[in-house]
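Order of writing sets the labels: A, B and C. Residues in every chain begin at 1.
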Amino acid sequence: MSDYVLETVDLGISFGGLKAAQGINLKIKKNEIYGLIGPNGAGKTTVFNMLTGVYQPTTGEFYLSGEKLNGASQESINKKGIARTFQNIRLFNNMTVVRNVMVGLHNRPEYRCGFFTSVFRLPRHFKVEKQMRKKAKELLDIFGLLDDRNNLACNLPYGKQRKLEIARALATDPKLLLLDEPAAGMNPQETAELVETIRFVRDRFDMTILLIEHDMSLVSSICERLTVLNFGTVLAEGETAEVLKDPEVIRAYLGDDE
Amino acid sequence: MDILSILINGLNVGVIYAMIALGYTMVYGIAKMLNFAHGDIIMVGGYAIYVFCAMSGSLPMFFGAILISVVVCTLLGITVEKVAYRPLRGASPLAVLITAIGVSYLLQSLAQIIFKSAPKRVAVPDLGKIMIGELGIKVSTLITLAVSVAVMIALSCFIRYNKIGRAMLAVSEDRGAAELMGVNVNKIITITFAIGSALAALAGLFYLLQSPYMTTTFGAMPGIKAFTAAVIGGIGSIPGAMVGSIVLGIIEAVCDAIPAVAPYKDAVEFSILIVILLVRPTGLLGKKRREKV
Amino acid sequence: MKNIGLALKKIKWKHYVNYVIVLAALIVLLIAGASGGLKASTNELVLKIAISIVLAVSLSIVVGFLGELSLGHAGFMCVGAYIGGKVAVVISEKLGGGIVTFLISLIVGGLCAAVCGFVIGLPALRLRGDYLAIVTLAFGEIVKVIFQQSKAFGANLGFDTLRYDKSFRQNFYIIALILVLVTLAVTQNMIRSKHGRAITAIRDNEIAARASGVDVTKYKLIAFVVSAFFAGIAGVMFACTFSTVQAPKFGYNYSIEILVMVVLGGMGNITGTILSASLITFLNVKLSTVLTGDLAVVKDLVYALILVLIVIYTNAPAFKTFREKHNLKAFTLRIFKPKKDPSRIRDDEAKWSNIPTKINMDELLTVDLKVQESVQSPDKGGKNK
């Protein structure tokens, strides 16, 4: 079981009588870039929400590197090593870019700082602040956001906002990064650059990535394996090239390619 | 004090809360905001009746006073929505909340400048009681009960069968989608506030029938208690407003019947509110709502 | 010399503005009071302003930084005033009427209020916005009713506070201003730290905050507890300033007045909050002689109007561009850095500078506009989003 960074066993959730997702079995290996695709409403974000603790699954379990994370709160799941971005960007709009990333650094053990330590301005506070700011700037620099660091997050153009969200997620030092439609609203150039970025993140941060995406060019160029969802159940899974040729999958999408 | 008289006392109070709560819950369900000023619109309506009744005093004029009160409140509600709440559509809910409080405070202060703080006796007709054996139910209570049930049924039918009513339901479910479907959201919300404010005027009238004194804080406490009732019954649910109000009225009557508890009855009611919000925030009849992540 | 200059440049001066303002006021008052103490009216004004500042700054923790509406702030003050005031009366028999008694009553009053803050914080974990506002309102009313009814605290008539020693009373304004400084220090130090960032993150996007690992429970409770603690401190200060403590004084109206101070000063702007609290208190005192009896409500009307107008102006989406062009920041930018006109910056493509990319952007972006003679090429744009 510990070979896989993420393993879900018959994961599922029902809302009232509606089975939003059922029978989800994912096995994601380290450093894989795994795709979760399917038509709109298939339940992909629901799966993300279960993996990050927003919803509690009604059936099945999921394990991060062998550790069962069912029932854990969102905060503790993040501490254990799962970070995510959102379909509709969720930034801290009234905070500056650098502070957005610094929030992501909050839980890292090296930046531990007690409440009274900060209130009484003990030396540790200053040390921690300086280090956090330095680390945040490093992350921003990687994503080309360093010049914008003192701008408010809400004032950034769309493409930069998406990158900031990724940078913040990486700041939490995750083992698994969940990207929810990272290419939404991007033109082909930006999408191509995003492909490079995701590969870069995987290599530079030793990351495992699970991504939801509609853009098939992105999916086919970057995902190694896929799971296809339709109406909350798994339609197909396996190597990307195989899955995309599967007639069932094509029928579910009916030529939806961008 | 036996159970039956407690129940009747509870009914006396509860039906008033029901009229107020219906307006509250409608606005909350459709415009998705807590109109803190609702209680103060009731107060304005009450003063309108006071002014008009003071000027005349005969029964047909009394009905005229009611009409004027309804018109005044409706216009006031529409104006408040247009001037104070509509500009803030899309802003943070905190801003809308603070504005509503500001409007409420504004209305109270205005009323105090015009009418001063001494209570005014309103010349409403005394309708007396109907006696069943030894128990007396106030006629005004029965009228209020009848009207609130009628309003409840009328609203439920309106929302289900009338085109505008269905549009209101759509706006309450998903404002964006309703707009995309061609619903004029501005008009719908204006109508919502109009109906809610008209109900507030009627609530003020029925309250005066029970206790004919006007003060500037006439609507404030009943407004908060009616909100409590709406929450108990399930905010956003029309039958819930009814049920919650009767329940709250009975609780209040029970408190009044126990001398040791009576001075603390407000505290008791608010504590129940807090408990309900913690344990079952959707109330007795409300629906669970999930925030989309 | 150069090192001192560099060190001076590194200090973020704007962090200390608030301390400077209060210290300056303190120094002015010390000088004025050097010969024979302050005039009674000035003394009372200063104390009232100090209490208002503590209340407004502590409320802004919850309203401005956590982003939740708390309508029961006066309730926390009530707890501090009653309990702290009572403790002072009780222990003064053993410990006299000086600073020791005061400090003990201060701590007790503050801690009791803090416990209440914790109790209110618990519903805050599950409720938001409207519901939470009502709960805080309900709490304020419950507290008022309980103290108003309890015989131990004098029921409707309230109770008489301790009459401290003359020397203590004459110099109390110094202690009051020191307490203001303490409030500022704790609040600012908390806000300008990772804890403050966690709190504002919860305000801006609670779900994203949870997803980033912020312990929302802990920080919501911290915000309410610290806010209530200082409201309690203000209550104890109140018990020191006035001769009786009566529950009706700490009602909904007072909570609204403090809210007006916070909103007027600018949410999350502590300097603004200090100034607006001072201004409103000053006006209250000066106008109370003019606007007597029923005219006093004109003041309330004006406050309500200010509240509504300011909230609409600062929050309405329709005014956003107007606001951005005409606020203080834009004004200073226009004077000092004329190049950076915000309206002229265009959306630029995301610069992926540090990421090694195989795509030759220049080549990609160069378009050959020469018209081909032979073939009428169909639309080559293809799919673009």
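By definition in this document, contacts are C-beta pairs under 8 Å (C-beta built on N, C-alpha and C of every residue); 3 or more make two chains touch, one makes a residue touch a chain.
This is a predicted model, so every value here is computed, not measured.
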Quiz item: Of the chains present, which has its C-alpha mean closest to the combined C-alpha mean?
Solution: C
Practice problem: Give the label of the chain whose average Cα location is farthest from that of chain B. | Solution: A
Quiz item: So how far apart, in whole Å, are chain A and chain B when each is placed at the average of its C-alpha atoms?
Solution: 46
Quiz prompt | Whole-Å gap separating chain A and chain C, where each centre is the average of the chain's CA atoms | solution = 35
Quiz item: Using mean CA coordinates as chain centres, what's the chain B-chain C distance in Å?
Solution: 33
Practice problem: Would you please write down the residue numbers of chain C that are in contact with two or more other chains? | Solution: 207
Quiz prompt | Junction residues of chain B, two or more chains touched | solution = 293
Quiz item: Which chain A residues sit where two or more other chains touch them?
Solution: 54, 86
Quiz item: Which residues of chain C touch chain A in the complex?
Solution: 185-186, 189-190, 193-195, 197-198, 200-201, 203-205, 207-216, 222, 347-359, 361, 364, 383-385
Quiz item: If you look only at chain A, which of its residues touch chain C in the complex?
Solution: 52-54, 73-75, 78-79, 83-84, 86, 90-95, 99, 102-104, 106-107, 111, 113, 115, 118-121, 125, 128-129, 132, 141-144, 157-160, 163, 168-169, 171-172, 185-190, 192-193, 196-197, 200, 258
Quiz prompt | Footprint of chain C on chain B - complex, ascending | solution = 28, 33-34, 84, 87-95, 97-99, 101-103, 105-106, 108-110, 112-113, 116-117, 224, 227-228, 231, 263-264, 266-267, 270-271, 273-274, 277-278, 281, 291, 293
Quiz item: For chain C, which residues count as touching chain B in their complex?
Solution: 63, 67-69, 71, 122-123, 126-127, 129-131, 133-135, 137-139, 141-142, 145-146, 149, 207, 256, 259, 263, 294, 297-298, 300-301, 303-305, 307-308, 311-312, 314-319
